[in-house]
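Pasting the structures in now, so scroll down.
Look at the two complexes coming up: chain A is in both, with chain B in one and chain C in the other.
Our next item is the complex of A and B:
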């Protein structure tokens, strides 16, 4: 059992290493966002100054607002489209289904920079879609929907589909069955995909930077330009907000689910 | 022929055909189910019995044939408008709803007034002994209770037909027996026609009025439980129903109300003559193990169907002892169910005499 012993020692070390690379930088960033150092790279006493500065900064507020609007619309449209697509891919048999499924996977594995460049050319030269909100939304929805499809498809594989038949058998038509049975059963996956897509859309830089055009600044783009002007200290605070928003979302969802479970007891 | 109201069967299938890629799941099945009866479709898995049930429910389309309920063709009526309800093998209780919401689901879809729903759900909960469970989820009640909820959910709609797809298969033996009795009681009380699909011959024999045995998409035999058990028509049915001893063979002589067969191994066995059966069609006989008698060697019985052999195995089964005897004449095995009080009379290795009466021989036709 020697090999087991070695694994037993290496595994915890490996896990510690992975987790420290995952979390230590984030923790340092959050700590430094409260540091009274104008370069934001060392500890010089506690301050909330950077937070009040970004709150009073109209440019930051506008960028945050833009990012939130885009993220929320992206989440709603992608989860709805993703649910419908997943249902079609799972339940119906048709020619070219496999090709369709695989081609949905492609945007997930394609480098962002390629997607971004392709979208920009497409919007300006082919489709003539104005750069700004429309182009950003289309771009975000198109890279988020495949994610929703795959999260929801995963759930569909574990659902007892006789439940739909039982509903129809008991006198419900297709639409009522969807509303009363299918959607509630898929809800955990729909929420999970929303929780994944929200920070994805909120934090996307590459694609947004390409297709945003002039005048529509999301928070990541603001951060990028602020960095170029050497404003490092407030960036820690913005970074902390980027971490906080999805975490709050996640906590809220978990809390809601807990409540749902408790209600059933 | 003039058909009066009484003679119209509750369910009628006419030449039903369903093909799946590579197999014909249902192969020209025709049958009639009388109103208020428990009709079982019995067969091994993959014989097409569940497909037949799903076609009646409207959950599966058919390729040919007609489904009639109360004499009306309902081929094109969608599942949610058919006057039958299904209890699924997995039960398919809605996991996100309470017991109460599960039971009232069908009534709500039919836009029954709220007060009446509450009243009828209350009655159903009482009938099924589910009091106190109303607010629980299906995951928070026992297997037997889930069974009852599934039944209640269907019965509350007062359908003409209840379709049951092996609903008891997930229960343990004791509970299954209890639910069998319970099902029979409920069926008598509500008087609904039951179409029961199962692969378990014991369940089928005990709850059915009529059994239809299915194999490879075809109906093999339709009859009362007694007929199916005592006189299985084919080797397949005899084997499936647990007749145990099957001897393929040919008729070599007949007369005086008796027929004599020679089995493939060379045994001469006697059976009673049946006027409806032509000798050329006979392919062998079957004998139930509980109808074969075991006697000590040299008991002096030199009559019909008496053969010498040696006990090779005795397996204790509780209510009987499954005893296998190797026949001296052919080297083949015969199984005998011995009453437990006779277990001390015999032991493995002993030379014995087996015997059964001609009326215990069942003639097989295929």
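Our next item is the complex of A and C:
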């Protein structure tokens, strides 16, 4: 009996369709970012005008600056905090370990609207933390640190810990061991988490919008209000940057890893 | 020795993750006063309001959209992951990244991208018009199907990743053995491959269902009046109306739904599901 073969033609066709489904909209977005159409929805000849508009438009530039400052601080704080926490979770037994693990899972498994809404209420009604940079940073760090923790924990389960023991046996103190052995071993995971967190922090709308208040505009919030007022011209160019960013991050990391491999030969 | 490493984040999470959730639970039992005030008078009114037809309808719609999205993501994502694992060869990792990368791009921007594509003056309508297939632009957006389409577009990558991991971990000898024992490829898939990747499927289900249940952006940008979801209700109360007790109640209701889904998925998916979520 001839078996029913779905893999022959249907599967590749479906796969092609899904890849197009995922990529065609963003590719069109990038193409239109070079189009001389002031509504940004058709092709009317090539221009770089929208990109220079981004640089010249004070509102866009400020939003970009705000987003970059927040993303950079978030990446630094959450990778450092994530490394420390993952190390503690991996190495030590302590009371409340399961509670800590659960509290790290919460921001990942809860809908954004619940956690973001809860943070907003907490900031404005309980802790009286000013909305703006402080609230956005707290929110972003709360959402990114768990990501860093779990990415780094995953790596910890695979690395050779005898190297750390050897370093201590050979007389190095804890700090030197961390600096020379532990951190270099964990570095790929630390970089990987940074690569995840940076685009997330830069591109997040939901959480940021909830806790931003009126005065602070990040790039996605700018895009959202521009959409509302129907000023869609520069959005394609801003969008193209958002699409390109994770791709660039990924390529950089791959390149760095390749170099690292060559060095170790 | 453990305190310096886990202390800071423990305190941080108690302050900024656990306490805020505790406070919305508390506020959900209080009364809303004028000008966004919270009056400390105990009431169950906020919870009773959930049972009102208009609100219940929003919650039912939310669940319907979320489960439909999840089924579509599974029906599309499973064959895709299967293809990458079985036929990807040395292109496995690049192919996987081509699925995941869009999900690292700003969600808002991606939704904007499909909105321009399907809008009244968008590329699809202009193409159909110039081909003479339609005489006036189609209203593709602002329908319930458009919302499900947007949700699938947004969250499909998260379904593929855990299923991919599950399929990669599959023991090839099991498939070989079942083939040797005379199972057709069809039967082999449904009796061996599919049950053994249950953990990945349920992890993907969690990763897709949960954000869909809380989404407000897709209905806001592509849904119109008939597609109002629970997330929009929370947005309305928290941001627009500053009715904190009502907003908190929506938040708690969503939390209960999500915890129930987590419990059911982890219970039937076991350890593998928990491991594949993060």
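Definition applied: the second predicted complex is superposed on the first by the 253 of 265 C-alpha atoms of A that agree within 3 Å, B and C clash if a C-alpha of one lies under 4 Å from a C-alpha of the other, contacts with A are read in each partner's own complex, and residues count from 1 in each chain.
Throughout what follows, contacts are C-beta pairs under 8 Å (C-beta built on N, C-alpha and C of every residue); 3 or more make two chains touch, one makes a residue touch a chain.
Predicted, not measured: the structure shown is a model, and the values here were computed from it.
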item	value
Three-chain arrangement built on chain A, chain B and chain C clash or fit	fit
Touched partner set for A:150, first chain B, second chain C, both or neither	second
Partner chain(s) touched by A:230 [first = chain B, second = chain C, both, neither]	neither
Contacts of A:185 with chain B and chain C, given as first, second, both or neither	first
Angular separation of chain B and chain C about chain A, which is computed from CA centres of the superposed model and rounded to the nearest 10 °	100
First (chain B), second (chain C), both or neither touched by A:32	second
Broader residue contact with chain A after superposition on the shared chain, chain B or chain C	C
Which superposed partner A:119 touches (first chain B, second chain C, both, neither)	second
Superposition-derived minimum Cα distance between chain C and chain B (Å)	15
Complex contact set, residues of chain A against chain B	160, 162-163, 165-173, 176, 180-181, 184-185, 264-265
Of all residues in chain B, those that touch chain A in their complex	57-59, 78-81, 85-86, 88-90, 92-96, 98, 105-106, 109-110, 137, 140, 153-154, 157
Complex contacts: residues of chain A adjacent to chain C	1, 3-7, 11-12, 14-15, 18-19, 21-26, 28-29, 32, 39-42, 81, 84-85, 87-89, 91-92, 94, 96-97, 100, 103-115, 117-122, 125-126, 138-139, 141-142, 145-147, 149-150, 196, 199-200, 202-206, 210, 220, 223-224, 227, 232, 235-236, 238-239, 242-243, 245-247, 249-250
Residue ranges of chain C touching chain A (in the complex, touch as defined)	1-2, 4-6, 8-10, 12-14, 16-21, 23-24, 27, 38, 76, 79-80, 82-83, 86-87, 97-99, 101-102, 104-110, 112-114, 116-117, 119, 121-123, 126, 153, 156-157, 184-186, 206, 210-211, 213-217, 221, 231, 234-235, 238-239, 244, 247-248, 251, 254-255, 258, 262, 277-278
